[in-house]
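After the structure tokens below, expect a handful of questions from me.
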Amino acid sequence: MSERYGYLGPEATFTEAALIALMEARGTAYAARVPMKNVDAALAAVAAGEIDGAVVPIENSVEGGVPATLDALSAHGRLQIVAETLVPITMVLAVKPGTTLADVRAFSSHPHGEAQVRGWIDDHLPNAVYRPASSTAAAARDRAHGTDAAGAPVDHQAAVCPRLAAERYGLEILAEDIGDRQDAVTRFVLVRLPGRLPRSTGADKTTIVAALASDRAGALLEMLEQFSTRGINLSRIESRPTGDGLGLYQFSIDLTGHIHEARMAEALTGVHRVTRSLQFLGSYPSADEVETTVAPENTDAAFADASAWLQRILTTGK
Amino acid sequence: MSERYGYLGPEATFTEAALIALMEARGTAYAARVPMKNVDAALAAVAAGEIDGAVVPIENSVEGGVPATLDALSAHGRLQIVAETLVPITMVLAVKPGTTLADVRAFSSHPHGEAQVRGWIDDHLPNAVYRPASSTAAAARDRAHGTDAAGAPVDHQAAVCPRLAAERYGLEILAEDIGDRQDAVTRFVLVRLPGRLPRSTGADKTTIVAALASDRAGALLEMLEQFSTRGINLSRIESRPTGDGLGLYQFSIDLTGHIHEARMAEALTGVHRVTRSLQFLGSYPSADEVETTVAPENTDAAFADASAWLQRILTTGK
Amino acid sequence: MSERYGYLGPEATFTEAALIALMEARGTAYAARVPMKNVDAALAAVAAGEIDGAVVPIENSVEGGVPATLDALSAHGRLQIVAETLVPITMVLAVKPGTTLADVRAFSSHPHGEAQVRGWIDDHLPNAVYRPASSTAAAARDRAHGTDAAGAPVDHQAAVCPRLAAERYGLEILAEDIGDRQDAVTRFVLVRLPGRLPRSTGADKTTIVAALASDRAGALLEMLEQFSTRGINLSRIESRPTGDGLGLYQFSIDLTGHIHEARMAEALTGVHRVTRSLQFLGSYPSADEVETTVAPENTDAAFADASAWLQRILTTGK
Amino acid sequence: MSERYGYLGPEATFTEAALIALMEARGTAYAARVPMKNVDAALAAVAAGEIDGAVVPIENSVEGGVPATLDALSAHGRLQIVAETLVPITMVLAVKPGTTLADVRAFSSHPHGEAQVRGWIDDHLPNAVYRPASSTAAAARDRAHGTDAAGAPVDHQAAVCPRLAAERYGLEILAEDIGDRQDAVTRFVLVRLPGRLPRSTGADKTTIVAALASDRAGALLEMLEQFSTRGINLSRIESRPTGDGLGLYQFSIDLTGHIHEARMAEALTGVHRVTRSLQFLGSYPSADEVETTVAPENTDAAFADASAWLQRILTTGK
């Protein structure tokens, strides 16, 4: 039986595009793709074993998602990130074949999608009315079907949506890459039940959530020193209130390196000691495939040397 | 002539509620409130001197806003945060007077608003259809008017929106505080042209954006040590790509304390030295009014003592 | 056959007093005590297996000794400190029975001994002439014998020496504790061939010599962070040129704690990684018997917890 | 009237050689040189204004002196180091003209001098008897005069002493550089009453004594971070008990840089804040004349830029 993977729906959004990219990279392109109504539902289904994994946005998404994903990953604590991918967020203007720009009196999109293309719309469709949709893909689907999800007729002639949605619903693309910012990218992660960790590739990330034990100046530094004393770099850090009390924070952090590497393993035990709680969310290949530079004193070999030195002293006294 | 303040529109959203709260706190409740179509437009109007200030969401907003605000504050670099306020994000179910729950076959809200009340809707309106709106306030306004902004008739019977929107549009509140999370809060800031800094109150925040000079392990720590060596705490830190190159980050940071305090002034000059760029966004009273605890070695008196000691040596040799 | 212990001679100096104290504490008071002509000779004899151990001064000695001991310990790298003791350095004025203060026209001592009692001599024997001796004990012995080591007659009537020397040579004590400083103390260590480490007592010291890999600002800090991130305190630190080049230093350091404790073991492996060389000189009970205070995050239990947490993730993925 | 400088006597020791070197370097070679009986007396005479300055050994001396000098500098707290010099400690074998090696049946020196040349004596004068002297120079003087300071005849044929002492007392040098270690060097400092600080040369040292406020792990690090956050290197650090209580330490530290440099000035005010006491002993040209390397972020220019940035914000709000 083929594997089944969930993603933040509806279908044809950037999240499905991310899942397709991840499946191709893993050589499992024929797995079934299951749209889920929100991040929490997707992760709950993984936790319950109903699906084999789920793809959810984690960083910088134009469709929101980051805090929701981080919260849901914490809530379904047993889950594990096993891969990530970066998807450029480029919008197209999609219409029924035959429709021209002059025909477009109203367009639809998710409010975030609309916000992203305001400059292009002002230039090319200054008189077009905006019709909100619950997702960019829904705007495309409604245009293709002529009705919304509840069956009511829709009166927009164009959808602002991902290329995938235009193709999925047989729409024609009148204009490509119409976002005001050309460099928008969303980072998606593939989440599974815990099991074998992805093997270390030399270009990996490790994601954790740690709550400081106190709010005194220096508590954050104390945690970060656990990384710096082993030469581990941070590629993302975000403070978030723990909800347990004023002034207490937890930090969502991406680190460069893999828990199979000695410096990361020791650093994480250090963080475990000095924090109130530590959640390991996964070690997985970095999407950018840039090999991590490790100083000589922080290599596995240096750790092995130091460990051998210690063992010699503990057994022979010198 | 009375002052004019912009806010992230449309009217009757949580941002207008934040502006009202800030104006009351400042004793300028009669200032004119001007809705702006987005954060960038609001800040541009402040920068151009067209309005006296603007209120924008900066953290944890359910309506998005954080990255957009931080980006816009950086882009309009001359602006300065002079106040902050925290607004609880509580949704109500608002209807035309006389409508009952049984009458609600469809409801409208911004997709984020809909996401927040899904649990309540499943329990109380399991068969109701969702109609997307471009904002929670727009859902209320459309219900009150019976038409959308473009004049087309709407067919939803209820709006999920802030209390302010229900009141503004003469709607009746069928249910209060219907969000799935009871503790959602958004932090808003009041932004003005630079001028006199708000005076130090003993319970202040300072907001900066700093770009590291390199991505080596320890560069972040080096910056944070500038704070810890003067006993300054962070209440928020978020890494963000600079866009200038792979692996280079800037950090958006809130600090406890005021630039008029010696420890903060010296720490910021230290950060200025060790970073590639440093942007000061303001020192302003903290919304929580919790007085900052300062260790004896970091008080203004300790800095003054140390400075007097240094001057004595520089002038007398001892 | 009874054990034989060397000490920095000649006999009846403070070093022999230290050896006696250490032997009593260890319940081996009947071991033979062998005076050695200098620290290097004493340690060479231990290294060669000719004696079972040696007692040498390591810190703050009025008879010098510290740099010589540290150098010799480094040179005979296989040796190990297994105990320490603190000996108060109190001088007496010793004479042949029957001699009175009025009879003393000349006194003898090591130049350091003479320097220590100058105030007392100025007050009580203002006209007495000083005769240098090669050690405080030699001054006492020469007075008792009436001749020096080479058989030449001596013409001093009093020796400034330790109580042990006065007793050993049958002299009478005319005045006690005549040093200008009442608090002088020398720390002595017992050195043996490597073997079983002394067991951890909860009040231990660990002595190391580490050479920094570079002379840049921060290299010392980088090493010390290996201790501070595990809550380990320093009770002594001294920089010393390595002799290998300008600006390169090694550090002789005493740490509170035992290598059998997890925080110390891990810290030493960290130092091993970040330094150019690391020499372990021993973990042994602290003479002051003050139990080391260990914060909850640095106890063996906290390390064991963290290690168990890591193992669980490495085996189950979570 | 010419200046008068004291030095740790007696005359013709390495300390007088250091004073001669320092006077030549300062172009005041004709100042009077006054031998003082010990370091404390020399510094007391400076403090009392009886002499214009004093030269005392501070580091690594084979004639002791370091702890005594550091203590005396602390006790006479108003004094200031204005220069340093390094003197190679090389011993000669000096005899009355005409005496040959075969004639030497006994030799004299300070016990430290004797310890230094033991190897050479064993090789070249295996049967010679050792006669202790109160200083290496006294051994030379006594040989020249044929009597000791008290007028008693001496029976040694050779003195182990500095070249300066041999020359001063008209002795012939039978062998040069006879120490077992060829690289012994002592560092001497010139101490004066406080006044104008020596000007910054770009290759300077600053000497301080600081007492930590507590003995917790990290208190030392907290102090050292005041240096590392401004890129200041340590060239010497020694812990010393304060005498005020168990476990409390003060640190005698040499830093690379001058108090006239912004990074040093700010670092010292930081140390002033975080320590229990701070004593400034002087900023003076480094004997090695190696220019201090300063990273771009720690130059006076970087500090001036940061200060200008701060002033702009404090006055204009941005």
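We just call them A, B, C and D in the order they show up, numbering each chain from 1.
Here is the rule we use: contacts are C-beta pairs under 8 Å (C-beta built on N, C-alpha and C of every residue); 3 or more make two chains touch, one makes a residue touch a chain.
Protein identities per chain, from UniProt: A, B, C, D = Prephenate dehydratase.
A quick note: this is a predicted structure, and the numbers were derived from the prediction, not measured.
Engineer: Taking contact as defined at the start, I'd like the list of chains shared as neighbours by subunit A and subunit B.
Structural biologist: Of all the chains present, none is in contact with both subunit A and subunit B.
Engineer: Quick one: report the Å distance separating subunit C from subunit D, using the average Cα coordinate of each chain.
Structural biologist: Comparing mean C-alpha positions, subunit D is 24 Å from subunit C.
Engineer: In whole angstrom, what separates the CA-based centres of subunit A and subunit D?
Structural biologist: From the centre of subunit A to the centre of subunit D is 62 Å.
Engineer: Could you state the distance in Å from the CA-based centre of subunit B to that of subunit D?
Structural biologist: 60
Engineer: Touching at least two other chains at once: which residues of subunit B meet that condition?
Structural biologist: 225, 228
Engineer: Mind giving me all the chain pairs that touch?
Structural biologist: A-B, A-C, B-D, C-D
Engineer: Which residues, counting only subunit C, touch subunit D once they are in their complex?
Structural biologist: The contact residues of subunit C facing subunit D are 38, 60, 64, 67-68, 106, 110-112, 114-115, 118, 129-130, 132-135, 138, 149-150, 152, 155, 183, 215-218, 220-221, 224-225, 227-228, 231-239, 241, 243, 246-247, 249, 251, 288, 290.
Engineer: Applying the document's contact rule, which stretches of subunit D touch subunit B when the two form their complex?
Structural biologist: For this pair, the touching residues of subunit D are 77-80, 194-197, 213, 222, 225-226, 228-230, 259-260, 265-266, 268-270, 272-274, 278, 280, 297-298, 302-303, 305-307, 309-310, 313-314, 316-318.
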